[in-house]
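In the two complexes that follow, chain A is the common piece, with chain B as its partner first and chain C second.
Take a look at the complex of A and B:
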């Protein structure tokens, strides 16, 4: 199926080759990822240590030996450090305890929430508007009744996306009711409607500003770039600090999280508008406003709809996670169920989330694809009949059996699922002959991989960690990315959460290693065998639309709780993106190069290692970058299922009202995200030559 | 022998309609791209540098250098040059789609460079419409709405502009395609839409920026004939940019040949082919079938006694090609006759001289 793959890396077609929407779990669409890969290839023509800023001739020799230079400097610094700084974790003298001031801020906000003018005249109104509008949408949805909502969803899907998706939508909503999740689904939907509307508006306005003004573009781009690599979890704490736990905080976190893709894509669409068309409009005497309304915005419609699609998907992901700060709805059911390790209940709430995600994604994506194709002429008669039918269903539904899903029609899957899980616990967890058991695997993974890795990282002198971060970032990126990465890592130490951060880092590294191992293998295999590629595609499509939160359910069922399941969820979450980018990168390798290798008699192996992989290097680097950022997002959420470390601190802070701990952990998560992104950022992404960095 | 390249009196306001008046009058026009571009035209020394030296010295590129010309009412004025010669920049300067660096441009005597935005918009809306190489159509609109787009920008109501656009659909031969999208049309058809869009605003001047370069040769010929036809029917002033010499010769009443931002020769096709101003132009026109461009005037010699009565008669505007045909058919020398008066005679020697590109023994003369 072609209508599927969603969100395209926002700027992948532009100068900024490969900045994909990391958090949204929805990277590359085949076409754009190919361009992103080839754009990347254009910027990094020399494979090995590429020269940075095309300096004058004297620097070129230096640049050529960059790898060696970095190695020598690192070795020197190692010796110096060992002599001057000694070993051990982050020195306490360099740490700053922020809990005091943060507590005071938090207390001040709580004390003044009802009296300070800032709250009375601004934030209070914001909060009220959010509550009222969510409530209003919720009431409307309830008033429509289950029959009405289902029929309306079907009708809408039919209008924008055709019969097949209409049936899918109807079936999905029916399934939500069938699982006994009608009310939570409506709660989540109400929250989503408000949050998406707000984030599309906000993102659209920001994108408009960035699309029309170069200066705004220069200011906004790094901010949006950074926002997209931060784990969803990091957004929760600041809004809770200001708004307290509840619906307003959840909605606002969702809005802030979901707005960047809309802003990026709007700006991209406006900037990439066919210059010839815009010039033609100017030549006919169009004013700036006419140009915008009649040419630039319509030309950007595809990007705008893609932005809406991405915003919706990110909003859904966040709306589910935001159950931790009082969003209610489906996410809350999953959250509660996971807290008591009730896999059956979690699954009953998780399935509607997945269905909602698939329907929302496919319908909006299909709407985007329809653009450009001439509108199918449906007769007004058919349309009216359909609308009438919906109205009839609504009225009929109300007359027959009220509004809520009929109680007799539900299917309780929690119990059978739990029985199955119990059976698994009894039979598969351990002691299966030869292969061991899932719990054994998890145990071994923790004992032999996660444990040593964590201990090793924590044993390393703090300055060697900084050094390693800097050297790695330099090898892959530029001086600037290296500086940012080192500063971010140092900030973690200063915040006083060095050890938990390294714990999180160890989980990330282990999960990334597994992800890349499987992902590269699968990606290469999918690129070389078109049959496997075709078979994988729908699977990847579905996996890429699911919110991160949902992945916790099966791993808890399989592996119990702890650090290993968190890492496993991260692997599953990051895998589709890595597979897809790898496969596209390998497939996009210049066929002429491959053909010439084949004509020289290269074996399949030689072709792979001497032609395909080296030429796909930019894509592979991008896959690493995506993998790292996606893994981090889930490892942090793993705090909910016993992952410990920073994620746990954040959850603990939220749950106990200990915002200082939570905020510090949140800030450390941000720093870790920044560091990991910058370290793996492919070379020259921010090359000054690549216009307007 | 023909009119000098520049007609005089550009700046005084002149009433339109009078044939021979200039529509556009361009003087000393410069367009320099790069940092502090202003200083280049102002500085004698910099202005004299060639492109490579200028870039070396200032980092600037002069796309248009010290260009002056007039576009007369009702003529097809062709600007011809290879890519990078500055011709596209030049035509964009005319309506300030690109802001010129220095010089003056006037349209019907009104200074274009001093226009405020409102006046400039007025100019673009009503007086000069442009046809682009890559069409510049709105992909989300139908053919009809694309053609009506200029009118929409002017604020014409939907019903009226669609009615008016419908006329132009017929005029450019797109009947039955009103409701298609540009993506459903061939390149030639798309350019017809672009042409109709420009015509629909009823501009005083049509500006063409290499409109047919992106089209297949056969389609291109159709479109060129379309332009010739339109010009014959409406007599609208046209400024036509092209890199195709044959196209220039076919369409142009006068041709300005550009090289490195300068006009190296300005004249009728016959002047360009018959009397190249320098080696560059000579080289350029070397492969042109001269007999199809030059008129019998260039092969004519004074009539000897008795010759002015015998032989086939030709108009002075007839091409040498036609004269060859007449001479070959009848076996006699042909007379060039205007208003019943014999201007001269063309014979084998004269005609062969033109084809060979050497002055015949009896050659030119008698204007």
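Take a look at the complex of A and C:
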């Protein structure tokens, strides 16, 4: 009745949420990993009801057939193209120069922002509401004082998630204070509260609409799918243009980024509701509204909470990036520390973000777990005691006048960290005997991998690139995904950024290759040795939540300026998700299959290559997809360390307020993301026999 | 039924509350203060900090004096140069303390909208140029003339610049004509954009540690000169207007007296803080002292400012409003 084929991911992420400490870890990426997994589930569940049983055999035959067909068509098109179209990059006659209209738009907005009714009566109010709400939350947090906030967090965590998480929360907040980051942490928290509330509200409403109406679902799904793969940076410039630098722009960019997972999970929950229960409610004469409120929404509680959890993680992932447009708070501290090349200070501001992410993630995940369990036997009494305790701590704090974190209680981690980083870069940069220094590796990687790859791609005639994209997407997905991929690639040409886009593409491909190589190896190792798995987990958690700005400087210090450090940053960012998905996939392989292989006398190696890996194929494919999407998400960060191409253009657009350059680069990154996602999305293909898809 | 009316009433109440909060009138887009300002009923000044350390030094000292001598609370926000003008116009920040010359923005916001006012000289003169490390210039004295640059191109080569010499450029927010210069002066160089100043500084320090030659876009005043001595390469002389067409530039960068700018409303109604910021004026050496404490000794900007303030009382006394 419900889920049909569901590959490993959706279920495994669910169980992962219960086991792993920071379950979804990356603000940005795990969010993508979990939600896109659920998206996979959504797509497999909705249409084709009957076909799955008939699946494998017919499907495989058709696939073989398809492959040959696609090959023949591609060869034909190649010959035709060579005769008709010739070689070279994207023809200028097919490109549209948008700089004129975009510059005019930007000028118009700046000139009319203070006087046009659209701003005075609508956008201005939006901006003011945001400021008023953030301010209100901020003042409340300040009024509670550090003791009050810490106590409240601890008690709240205790109520929803038990003693251990309560202690973790208290420790996390205390650490924020110890690092001397209390006020920035509160600023970020205030912004986060408002942004998450708005995301949950907006996402919930959209999800409700999509969950209840098939038409809305059809309209919204591709939009949400697309937003899922957009790098956070792509959202910044348009909001800045309308609202100007500052908190309103930051909050709105965060909302746009964090609402989609909420929307898609709400829709998923509603559409997945047990039909039997709904049917029963209907037969009891419940109206549509009653059915929704008493049956479908309660049944979707788990998805709703997962949605909230994802929204929070996405919002935190945006916290640092939004500092580029004036969000203030912790992100701004990280960003300012960058200016004085101070890794230690950046880390001191980055750690509270990681801690906030860990606490919020675990608490919301625990709340989600609780829901399935029988109603907790905690009474109103406990709640009252908790509230009273918090109040007592607040009053106590006020009495001793200790609202702000005591100045003496801080710990300076900046200096030791800087010393460690200096030592590392001094000793690894070059001249290491035998293996050579990191700078030498970077040089070789640039000269022998990145350079030839870029030149090769740029040398290819433009239509062969489109053809290759189309053929690949068709092999892995459906004609629909192929069409999207080809159109996205063509749009890049039309925007007039063909060459830089291919430059970026070459970097993405190289980084993905490295990520997969290391990620698969580590993932398999972690799956086979539980000790290594346990040791890796916290490391992965930290790398996934750590704001990318923090490792910009170490990366340059190790690899010099250029495309190599950009690729390195991307690998660091994408690796955790790939390792995690791989390990999960390999671990989830049916033990019976392994057992039978073993009883047939297969060696460990044979078990791995002939049983575990083939059976984990869906997970591995998902890992590839996630790797690609995540690597692309760091392209803009790569622009900050000399990656050039589209990433640099996007940063340039933001820095110079140059809409023409920035928006076009942003749009091209989005198109690249769409193309890469469609080309690598394995779960999308519904059975070829049904529905004509 | 009852439920319907109740939720309708709720919705109406919410809508009403929303209108009450916002006021039904027009929103004023030129009064967009930061939500973190004025907490605890204090008077707050918001300053824009640019991403380079010299600008941090200005702001740190101004902040220290505003807080310790005049009793303000100071918020700082890091914003790139051009967006900072926009934020200043909207009242999100009250002042920019170091601007390297943005003619287009001056025309738009000062002459056109009148939302920004000039705040006078900062007292520091800025200069952009091309630099090679002094250890290299001493070995090859003729590298300091642009005409000889091509001779050294292969010594400046890196993996990133391909077959050409590498000219290292920095943050995308800085003013640069380097691509046009390389083109118009027929230089066998490739401009490599580090993408951020942090990346550029880190790379320069790595080069210097190994005494490798490099050619970089850089600017004065800058604390890095104290750590890595660099010598300027002479470009064709700057003449008024020679950089008018960005495509045809073939001359050096000008020497720019750095300027302060204030939000008009703040300049008129900002009381002591505005008066103080207008009078704030120091020298290149002073800025460098503070910048070096921040960037090299890794003092926090506030500690660095505190140290400087203790030793230079005669200078800053004259900035305080009488």
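Following the convention adopted for this analysis, the second predicted complex is superposed on the first by the 526 of 693 C-alpha atoms of A that agree within 3 Å, B and C clash if a C-alpha of one lies under 4 Å from a C-alpha of the other, contacts with A are read in each partner's own complex, and residues count from 1 in each chain.
Heads up, the rule we're going with is that contacts are C-beta pairs under 8 Å (C-beta built on N, C-alpha and C of every residue); 3 or more make two chains touch, one makes a residue touch a chain.
On a predicted model such as this, the values are computed, not experimentally measured, just so you know.
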item: Larger contact residue set on chain A - chain B or chain C; value: C
item: Contacts of A:181 with chain B and chain C, given as first, second, both or neither; value: neither
item: Partner chain in contact with A:132 - chain B first, chain C second, else both or neither; value: second
item: Touching partner for A:589 - first (chain B), second (chain C), both, neither; value: neither
item: Touching partner for A:335 - first (chain B), second (chain C), both, neither; value: second
item: Touching partner for A:208 - first (chain B), second (chain C), both, neither; value: neither
item: First (chain B), second (chain C), both or neither touched by A:560; value: second
item: Which superposed partner A:248 touches (first chain B, second chain C, both, neither); value: second
item: First (chain B), second (chain C), both or neither touched by A:571; value: neither
item: Sites on chain A touched by chain C in the complex; value: 110-111, 113-114, 117, 119-121, 123-125, 127-132, 134-135, 138-139, 142, 187, 190, 240, 244-248, 289, 323, 325-326, 328, 332, 335-336, 338-342, 344-345, 414-415, 418, 425-426, 429-430, 439, 442-444, 446-447, 451, 552-553, 556-557, 560-565, 638-644, 647-648, 651-652, 654-658
item: Interfacial residue positions of chain B with respect to chain A in the complex; value: 95, 97, 121-126, 129-130, 132, 134-141, 149-150, 152-154, 180-181, 183-184, 194, 197, 201, 207
item: Interfacial residue positions of chain A with respect to chain B in the complex; value: 274, 276-277, 279-287, 290, 294-295, 298-299, 301, 371-372, 374
item: Residues on chain C engaged by chain A in the complex (per definition of touch); value: 3, 18, 21-22, 26-30, 32-36, 39-40, 49, 51-53, 56, 75-84, 86-87, 90, 92, 108, 112-113, 115, 158-160, 162, 168, 171-173, 192-203, 206, 209-210, 294-295, 298, 300
